[in-house]
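Going by the order they are written in, the chains are A, B, C and D; count residues from 1 in each one.
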Amino acid sequence: MRLSIQADLTYSFDRPCEVLLLLEAARAPDQAIHSERLTITPATEIARLDDSVTGERRAVFTAHGEVTIAYTANVELLARASDLKGCAATAIRDLPGEALRYLRASRYCPSDRFEAFVAEEFGKLDGGDKVAAIVDWIGGHLTYEVGASDAMTTAMDTFVDRAGVCRDFAHLAISLCRAADIPARAVSAYAWKLEPPDLHAVAEVYLGGRWRLIDATGLAPIDGLVRVATGLDAADIAFMTIFGRANLISQSFTVGKI
Amino acid sequence: MRLSIQADLTYSFDRPCEVLLLLEAARAPDQAIHSERLTITPATEIARLDDSVTGERRAVFTAHGEVTIAYTANVELLARASDLKGCAATAIRDLPGEALRYLRASRYCPSDRFEAFVAEEFGKLDGGDKVAAIVDWIGGHLTYEVGASDAMTTAMDTFVDRAGVCRDFAHLAISLCRAADIPARAVSAYAWKLEPPDLHAVAEVYLGGRWRLIDATGLAPIDGLVRVATGLDAADIAFMTIFGRANLISQSFTVGKI
Amino acid sequence: MRLSIQADLTYSFDRPCEVLLLLEAARAPDQAIHSERLTITPATEIARLDDSVTGERRAVFTAHGEVTIAYTANVELLARASDLKGCAATAIRDLPGEALRYLRASRYCPSDRFEAFVAEEFGKLDGGDKVAAIVDWIGGHLTYEVGASDAMTTAMDTFVDRAGVCRDFAHLAISLCRAADIPARAVSAYAWKLEPPDLHAVAEVYLGGRWRLIDATGLAPIDGLVRVATGLDAADIAFMTIFGRANLISQSFTVGKI
Amino acid sequence: MRLSIQADLTYSFDRPCEVLLLLEAARAPDQAIHSERLTITPATEIARLDDSVTGERRAVFTAHGEVTIAYTANVELLARASDLKGCAATAIRDLPGEALRYLRASRYCPSDRFEAFVAEEFGKLDGGDKVAAIVDWIGGHLTYEVGASDAMTTAMDTFVDRAGVCRDFAHLAISLCRAADIPARAVSAYAWKLEPPDLHAVAEVYLGGRWRLIDATGLAPIDGLVRVATGLDAADIAFMTIFGRANLISQSFTVGKI
């Protein structure tokens, strides 16, 4: 599938401050970027701090006054393993070194707290079957509800509240998988068919020798996700980090099939 | 049933400080105190701040040096409603005024967080049937485990951790009942057959026009509980509050059938 | 000083549900209610669960459809001790029994966490001087900022965030006073000169044999507060508790000097 | 300075489980390992997942029964920049890509909560002077107290409690530095002169183009630290992660000057 992406952001900055942008399609093996353009207006120098391990693209620039950021890309999604059933868990010793940190509790994903629940509820399953059961459980017990959570909400909150938005669903999925010693991380993505259009937060687990995207919200097809940023949880994948203050003027995302 | 109670506490206080003791059997309609004696050594003046609403007994004194507190009582347990099945919930308007505060979230019982869970899991039940189902759920999903919790553990922690001690079981029961608009509170009690002997923490709900004791731990019979302190949660029912510092030297509780 | 109070609330209730209203001026020794009227439209039976200890007025009724609640009163504020300097702390043994619970940590006021800070920062002061220093410290270190907090914010959050609204200021004051073994509680009040007009949350400490109002926000004069509800913290003093769901249509408060 | 290190750990494992060990001296530019030996008894195959970016050494093996781990090394500490005064902060755009994640809030270091405090208390300072003031503030306001914290304690807890152990001091330093947009991370280290001998937790900030160790506890000289693991906070630098259960039998650390 080939998707056309467009993001348009306008913010106003009272004083000059640095901005980190995680908005561009990742250079990852499961997607090919056929064309793309990042335009910042007024024009400014962009420093690149891209990450070669995950393919995450990172642009840093100094913003002042009213600033518009436009990103367009034409991305082809390549064979994507969304199959979970029957996938074997990978032994710790066989993990790639960079996967280790995705086994640990993180800010929004205090996975060490869920070990008893995971053992009780999913203890008889392994690998991909366990992950599939976790995704089903979350889909069946959580309500998608805008306003049910905020920037401080952790997976413990969501597990109790039984409601949240995409990042909360992802945080709980990540926490439960890590509690089962399965590496799990957060991914931001442009999502085909997501309504209303927005950057989507999903999870990704390491199984059977590769990372596999999962999405307990069921709001958009896995096969229509364009990978952007990758990290421990939402703390790592915000599309814009402002080292200072700014006011949002407008913001829109569009994803279309070509 | 008639029980003989004995509590012996020895602490050492480096400097004089006030101590609040909630150790004596409550003067409540469901138990009759046939004899009792509270002895503090060395002898000291005891101020009484007893609560006429709950019958809670409160002794305040100044402690310095090594202090021994001995309490013995002979208490008869009167007809106690432990029946839940079929009990109707009481409308808010028909509650006694002092029951209102037991509907609210408290420190260890953030009941407002459990509304969605309670609606999902117990929404089809009412009154005593709902409470009975809550007690069963807790008994079936929590493991009694010394060391799984500490003085800061809330019902949210316990709900996630799936383990705790008697106060944690009580906190979760209280939280879930309040989330269903059923007044619920914490009670400390001498407990016949509890092993090892200790002051026990249980919960109490207001149903069918009266307070009814419940205990999701199943560690001791409801009919063998001698009521001591009553409050919102564990913050209110500690048997000793020291306004300063002290070191525990020894502490023992004995409950026997006469 | 004599004040005229007016509160007008309109809510819509999809299904019949009970409502607890803590909106009327308390029957307390420091204020005299010369006239008042509570009108609920459409007319409905009102059950009264007033509290004789604090003078808190509690109205319970069943609401359905669009419901308007109007409260008007003419209240005279009597001699009010707002003096703190030189007031002695009261020994625990000399407290009225009902003050004991205001020494304990509560949901939004985890006072036991602040003992080291209070000892370090205010350890050389006592009684009213200590409370005055606490009020000054809060006024000097916190920013009044709408949106800095939400319904889950505790005094620990506020102490770290250094910002909040009136209830957060009150929670921190209560926490620090309790950490110094001074009984402290939350009070809701109609506040003369408060802009924008709203029900105000302040704190109250027990010193020199009586309760004394304090307000670290400095937003309204202590002498112009009409006492309404009293409790451990904001969990207890909400002016309306809805046992079900409702939508706010409009809400206004007016306080004028007569 | 040249140090000789010895670590001896004995654990018992009821069932075979994988173990991740972050116990070996890092291969970092500020220290040279002249000799070392890691011995696991009974002998077992060791998989290496070393991290080339930080030089962190990671050994993974399967443990069963009683297992003894012995590590000895002879390490020379090279020129180490512990100077802070006058060091300039590095612009975001000039940071190495891998430093970005050390700007973000993490599990034990919710740095976004401390922005107002840092602005108020250290706002007039920059770069190394700001970090030095933060280290001084922590040293002056926190008490080193074993038992004051546990495995769940965050920098918010420590900021309120005013007490903790080395990891808590490090977490608060990291949080305050990140709140000032200075990359900061956690480092475990063998520490010369630390009493009692143990693996020490310290912090590290990125200033003037390089990472600089800081230690607000003042318990051991910076120049006597042998770097081991590096991460966001304590969640990342535990010297042993057991994917299953084990019992500690004995554990000792020795650091001597050669």
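One rule holds in what follows: a residue touches a chain if its C-beta (ideal position, glycine included) is under 8 Å from a C-beta of that chain, and two chains touch if they have at least 3 such contacts.
Computed from a predicted structure; not experimentally measured.
Visitor: What's the distance between the Cα centroids of chain A and chain D, rounded to whole Å?
Guide: Their C-alpha centroids are separated by 28 Å.
Visitor: Where the centres are mean C-alpha positions, what is the separation of chain A from chain C, in Å?
Guide: Chain centres of chain A and chain C, defined by C-alpha means, are spaced 43 Å apart.
Visitor: What are the residues of chain B that contact at least two other chains?
Guide: None at all.
Visitor: How is the touch graph of the chains shaped: line, ring, star, complete or other?
Guide: Topology of the interface graph: a ring, with each chain touching two neighbours.
Visitor: Mind giving me all the chain pairs that touch?
Guide: All chain pairs meeting the touch criterion are A-B, A-D, B-C, C-D.
Visitor: So in the complex, which bits of chain D are touching chain C?
Guide: Checking each residue of chain D against chain C gives 113-114, 116-117, 120, 141, 143, 156-157, 159-163.
Visitor: Please give the residue numbers of chain B that touch chain C in the complex, ascending.
Guide: Residue list for chain B touching chain C: 18, 20, 47, 49-51, 58, 60-62, 91-97, 100-101, 103-107, 110, 181, 231-232, 235-236, 241, 243.
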